[in-house]
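Can you read through this structure? Questions will come right after.
Letters A, B and C mark the chains as written, and numbering starts fresh at 1 in each.
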Amino acid sequence: MAHQEGVTADAGDSSRVSLMNDPKARGLVFQALLIIAVIYLVYSGVTNAIDNLARAGIASGLGFFGERAGFDIGQSFIPYTNDSTYLRAFFVGLLNTMVVAFIGIFFATLIGFVVGLARLSKNYLVQKFATVYVETLRNIPLLLQLLFWYKAVLSILPSPRAGGLEPGAEVVFNLNNRGLYMPRIVPEGGAQLILYAFIVAVVAWILIGRWAKKRQMATGQQFPVFLTGLGLFIFLPLITYLVTGMPLSLEYASLQGFNMVGGWVIQPEFMALLLGLSLYTASFIAEIVRAGILAVSHGQSEAAFALGLRPNLTSRLVVVPQAMRVIIPPLTSQYLNLTKNSSLAVAIGYPDLVSIFGGTVLNQTGQAVEVISITMLVYLTLSLLTSAFMNWFNSSVALVER
Amino acid sequence: MATHPTSIAYVRTEESPATAPPVLTGGVAGWLKENLFATPRDTVLTILTFLFLLWIVPPIIDWAFISAVWTGESREACIAPGTGACWAFVEAKFGQFIYGRYPIEERWRVNLSGLLLIAGLVPIAIPSVPYKRENALYLLVVFPVLAFILLTGQLGLEPVETPLWGGLLVTLVVAIVGIVVSFPLGILLALGRRSEMPIVKMFSVIFIEFWRGVPLITVLFMSSVMLPLFLPDGVSFDKLLRALIGVALFSSAYMAEVIRGGLQAIPKGQYEAANAMALTFWQGTRLVIMPQALKLVIPGIVNTFIGLFKDTSLVLIIGLFDLLGIVQQNMNDQNWISPATPATGFVFAAFVFFIFCFSMSRYSAYMERRLDTGHKR
Amino acid sequence: MNNKILSAVVGITAVAGLGATAASAATLDDVKAKGFVQCGVSTGLAGFSAPNDAGDWSGLDVDLCRGVAAAVFGDAKAVKYSPLSAKERFTALQSGEIDVLSRNTTWTMSRDTQLGLNFAGVNYYDGQGFMVRKSLGVNSALQLSGASVCVQTGTTTELNLTDYFKANGMTYNPVVFEKLEEVNAAYDANRCDVYTTDQSGLYSIRLGLSAPDEHMVLPEVISKEPLGPVVRQGDDQWFSIVKWVHFAMLNAEEMGVTSANADEMLGSTDPNVMRLLGKEGTFGEAIGLGNDWAYNVIKQVGNYGEVFERNVGASTPLAIGRGVNALWSKGGLQYAPPLR
């Protein structure tokens, strides 16, 4: 081996070696490879799918949205018949999902805050009870809880006929295995004025709140905003109701033929889903609330006491506002979880998005790729919107330091 | 006396008698006053809670024990009105609840896999036992291979098809495969998300946010209905395997976020020190960053596993028979249909899930306390 | 090319998994290579396809799969079953996961033409009916207005139900579930007044209710539901095999060949029987099988009449009469082209 050759080779090598060791160059190569790999994977997946679909003669595209659905849906908040299109069926499902998620979030928050505070209570019985609640519900799968509520609790209620109802007789409240029946409020002419009264009351409440805050900042005088607002909220619509000549009437449910007719019904599937979702999520929210309150340092409440604030005011003005900053981000992600978990409706027959669109529509059209992708995209959009909101909220309440 | 020649009138010469302790700070009464009846509001709350408990607890005890049916051969035993839990049903179906339809003469293989798992889990869970690295290697690599051989029947063992698997076996298989696969994937994704290479970061973020944004049920639908269409002609997967792929991808996104939390908690000095020691990125990650980050996120990992363990019950919707699925299937068995059967089955399944999840959450809380060096009062 | 590489990748990943199977266009070769027929069945419908506690499947649909296995391998046991929900069944067949779908599937034009499937015959002529509690005092489906109706999603049943109520100007409240067991449980719990599905299914489901005697099937049949085995489009040889296994069973009943007398009949001089049992001609070889294919089917599984009686007939708890499923020569619809 000639020495001369070695030297030249070394010289050549050193520039190459330095390129290989250059993190930037390696990074570029690595990323290029990654892009190629991902593109290849997507490309071959898509070509396979196209091949498979073409060979199997399966239709593709979104044309099916305009076709007649041809099936009925048990619960719908927008007008829907079997002559409606698949697109409308999609919206019925989406709306059903949103409704159950929204009401579920409301109840979960309510129960969660109560239980979370109860866990911090000095009352032994209350505190232990809250602990048992949280530990039990958190450690049992939601699906199991849903099935339990649906099959072991609501299903074994008597049917309307077996429940001893007189055919034709009107009932105010009735819980049977077809649902919870309540009177329905039937609006008559002029009833929309009452709705307007409600809106006016809410707007007034907000305006009074702003004015009161401004006045307090300026003069230090307080104004009973809550009581005033509540009064407006109750009495304004009530007065409108009386003045317009009581344009609302109640329609009661009664047993006719097979089923209860009339009234306002909450179906057992909806009830089971709502119960399961709110109780389960509440156990997580309770822990978030507890952690949030514990996260406020003792110095804060001690400082408040030193200023002479009473315990109630201390929690309302000092502890809770600081705790909320800790509570809100995980709380939002629990709301998101609840929304995603509402897709378990498919197991108990509540017509949500997954059940109607990912179930029935998928079966009738056979277009698995489109239907499942759209379903996933809907949830993804909901998630991204929520995280965007969360980020905005976080930055708006974040402590401004220095 | 002698030392005090002049007695001072106002100095006591005898010890005064001890006063009785305040009645309400010691003993049962004191405890009650302090913990149950401290304020009027507390008293009202206590009474309300007590009444509520009185309303729900006795019926539950009556249902679960007093009116329960403990032995029986068929639904006849549980059909009588007013019967409580039908434990005879659980007794009769217990084998199915644990093993599914796994052949009875081959069940030792499931038991052996379980023992192998426990043999790896116990030492890794106890902080003072040494050889953590080897132990983790056993759990993440050796055990899955052994369990795979045993359960599916390789190397001359009688093959057992996955449709025969069921019950707790499937629940554990799905959860453990999910966690074992998601662990390395999660580490890679977490590193990718913190990487300075924009493309790598972008792909990691998209991957993580996508899987975290969709419900598991749609992921399972995707893997059971859509995935086959994306595979080349003629390649198809076992149903269980498809569910496993879905679950693994789904949980690795969550795992990545947990691990990212750990990475963010490591002080910048550690990274800089690793660089200063001239360690490469991978050396630094392996020797300096990861050991610290992973230790920090043990509670998070356990919590992710609890979530995954509970989520495995969703596979019943795509027709696999996990614990909940097989319990539900057996409820419809003609021999056992009775009004008491569904509640009994669900309570049994809930109890099994609870035992697993509760003990894991206790463990996670214990680790959290061990790792917590903050100041508490 | 791309597909080859991806399948290699997939294959490697599958080593770590639980077994991936590969099937090419020639289903028969694949089936022969792997040594069994992969048959898609229901998740449990007594009389058609249902597993017992040991996991052994039986039923009318299952016997068709066993017949195909007997024809291909001479061994009716060379079948593996994939229980499928209504939603999964077509994807499973399209993707090659199963070789034949025998899962009380209704033959409709859209399924035949738009899903890449071929229906290989009708092994049970069915029609959709209604089941109600006797205590409702209903004796015609036309009295069902206002009822809650339990129905399984993803079936033609759901659409027929809608059409029937619409056509008769009646209203109803649908209660829809994904899985059969859930529909059964809901009906049994009196969540609905009416259960609707194929009539054969109703009889089978009634058996599984907690008090079968309290329920009755209404006389109306609101649809045509020809149920039969399905194969992938584009493989005519396999299509022929499945089709002719069914026809062989029908022809055997017509000629009086049963599993009991099949050996005896080998000595028959009737040219029809000789052709059926492979004594004359090379009908089996023409579809890639042995000439004794039909003999194996009949010997191991039985003719159509036997299979019907064994699984759903008068002697079983289902007690379904032959009705339209009788041979054409006995006033029914079951008619097989001649073996010639």
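Note that a residue touches a chain if its C-beta (ideal position, glycine included) is under 8 Å from a C-beta of that chain, and two chains touch if they have at least 3 such contacts.
Source: prediction; values computed, not measured.
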Chain pair with more C-beta contacts, A-C versus A-B: A-B
Chain at maximum distance from chain A, centres defined as averaged CA atoms: C
Gap in Å, rounded to a whole number, between the CA centres of chain C and chain B: 42
Cα-centroid distance, chain A relative to chain B, in whole angstrom: 24
Centre distance in Å when chain A and chain C are each reduced to the mean of their C-alpha atoms: 42
Chain B residues counted as touching two or more neighbouring chains: 225, 229, 231-233, 317, 328, 331, 342
Multi-partner residues of chain A (each touching 2 or more other chains): 44-45, 48, 51-52, 55, 151, 155-156, 346-347, 362, 368
Junction residues of chain C, two or more chains touched: 3, 6, 87, 91, 94-95, 178, 185
Footprint of chain C on chain A - complex, ascending: 40, 43-45, 47-48, 51-52, 55-59, 70-74, 82, 151, 155-156, 159, 161-162, 177-178, 256-259, 261, 268-269, 346-349, 351, 355, 359-360, 362-364, 366, 368
Contact set on chain A toward chain B in their complex: 23, 27, 30-31, 34-35, 38, 44-46, 48-49, 51-53, 55, 121-126, 129, 135-136, 138-145, 147-148, 151-152, 155-156, 298, 340-341, 343-344, 346-347, 354, 358, 362, 368-369, 372-373, 375-376, 379-380, 382-384, 387
Chain B - residues contacting chain A, complex: 35-36, 38, 42, 45-46, 49-50, 52-53, 196-200, 203, 209-210, 212-219, 221-222, 225-226, 229-233, 281, 306, 310-314, 316-317, 324, 328, 331, 339, 342-343, 346-347, 349-350, 353-354, 357-358, 361, 377
Interface residues, chain B side, partner chain C - complex: 75, 101, 148, 152, 161-164, 224-225, 228-229, 231-241, 244, 317-319, 328-329, 331-332, 334, 337-338, 342
In the complex with chain A, residue positions of chain C that touch it: 2-3, 5-6, 86-87, 90-91, 94-95, 113-117, 135-136, 144-148, 153-155, 158-159, 161-163, 166, 172-178, 182, 185-186, 189-191, 193, 232-234
